[in-house]
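There's a structure below that I have some questions on.
So that you can tell them apart, the chains are marked A, B, C and D in the order they are listed, and the count of residues begins at 1 in each.
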Amino acid sequence: MNLFEERVRESFGRQKFMGTLGAEIRVVSEGVVEIEFAFSDALTQQNQYVHAGAITSILDSACGYAALSVAPEGCDVLSVEFKVNLLAPAVGERFVARSTVKRAGKKLTVCSADAFAIKDGQEKIVATMLATVINLPKT
Amino acid sequence: MNLFEERVRESFGRQKFMGTLGAEIRVVSEGVVEIEFAFSDALTQQNQYVHAGAITSILDSACGYAALSVAPEGCDVLSVEFKVNLLAPAVGERFVARSTVKRAGKKLTVCSADAFAIKDGQEKIVATMLATVINLPKT
Amino acid sequence: MNLFEERVRESFGRQKFMGTLGAEIRVVSEGVVEIEFAFSDALTQQNQYVHAGAITSILDSACGYAALSVAPEGCDVLSVEFKVNLLAPAVGERFVARSTVKRAGKKLTVCSADAFAIKDGQEKIVATMLATVINLPKT
Amino acid sequence: MNLFEERVRESFGRQKFMGTLGAEIRVVSEGVVEIEFAFSDALTQQNQYVHAGAITSILDSACGYAALSVAPEGCDVLSVEFKVNLLAPAVGERFVARSTVKRAGKKLTVCSADAFAIKDGQEKIVATMLATVINLPKT
């Protein structure tokens, strides 16, 4: 396991909210992170779709960890802001967020991420995020 | 209770994800909605702050319901997109999202919302959202 | 020239602001549009970079026309909203905005677009946009 | 004239793109900036409305200068990103962008801004921006 992968997995393990969502980190490579969770009633909105906030949560963590995977040693990251477009109702058995680093600067990293619903083995895009993450000295 | 308030509270009651967050709807007036939850370990990220995704979730629901409170009869609403700026670490005992309708159109409603952390009786802004919501015929 | 290409080029020709920027439409294919302009002093901000507003203008028009290229017959389009990240100072001889349709719905189309500075034959990304466009009956 | 007002007006004077738009800075107070321009054919899109890019340009400059007005001595500012909602067609005689600082941090400042069309002495909101600006040491 690479140093950045260790760093990302260790931090993810401390995000209790990811546990609440039933989310797991699947892929950690340099500048690319995948997080997914299974459908659960506990995550739904009024139409039984998964709530946009639950989808946004794994998109946000995926962007943060994609940024962390390319950050200088000894840095932590914080989300500055993000924008999400909801593209289709979040209906499926599993939901996966995939983030890639679009540009890594010294201070700020910009990531884009897509979220997909997986149903009967088919992936369908349900949301997309554009996010800004800041590198901070680890406290 | 007004018709729109009934409509909003009934829909909120069906959002199981709000229950998962421990969120309650506090204020429903025409074009203004407040949703809050108490701090819980289950909602935290790696630094023990509340996860941006949890804060975003109540901001999103508050915007959706503010839009629903001014929507034509027989409409449901869906979030089209939103942007969130995280302004300060979400540290506190309670967290409240307050949304107001900025402009209501026939199809699209634009809402802005702020999220505050409440600690020792003091409110501090921790995030702000600008959101677009669409009116859809109820299914 | 395809019907949609004609439709896009005719509308672009009526955007006088594109003329003010010295912008030209280069590529129009189904769901993909490119618009570019040359560096000019008239477009600069305080550091002699091209102003973010000028770059945003061609990103916005590129997204609108990418959406128009896939819109139903007899529709016009309007920008609902967009988000732009400025990734690097806009320094170069020419600037090009490339948009692609991310998801086309009946009412709303979501486009993403990147802007590049061209200098000494090299392209460098300087900005990225995520945009929502609405289809409206032509007036 | 206060020091920050001088700083803002001097920088605005170097933004040639503002001259191209016919824009003038009206109000500069601590954390609040207003920029406006008159309607001109040269700024229009295909329906003779003012182009979203022209409106965005004065919103962006207004946010940047609102941030600059509260920035530490010896800093310059750059736009990191912004999101704009277009709320109504930009039809009028004059157009004004008003920005206020939402939160000023050491590195990042978040501003919100509204744009209004003025017609027959009436103001109507046509767009709203939420923006992130970064403080940089002056070069």
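The rule is simple: a contact is a pair of C-beta atoms (placed from the backbone, for glycine too) under 8 Å apart; a residue touches a chain by one contact, two chains touch by 3 or more.
All of these numbers come straight from a predicted model, not from anything done at the bench.
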item	value
Winner on C-beta contact pairs when B-C is weighed against C-D	C-D
Per Cα centroids, the chain farthest from subunit C	B
Mean-CA-position distance for subunit D and subunit C (Å)	21
Averaged-CA centre spacing for the pair subunit C and subunit A, given as whole angstrom	28
Where subunit B and subunit C are represented by their mean Cα positions, the distance between them in whole Å	33
Interface hub residues of subunit D, defined as touching at least two other chains	80-81, 83, 85, 110, 132
Complex interface listing, subunit B residues touching subunit A	11-12, 14-20, 41-47, 50-54, 56-58, 60-61, 76, 78-86, 89, 139
Sites on subunit B touched by subunit D in the complex	83, 85, 87-88, 102-103, 110, 112, 125, 128, 130, 132
Contact set on subunit C toward subunit B in their complex	80-81, 83, 107-108, 110, 132, 134
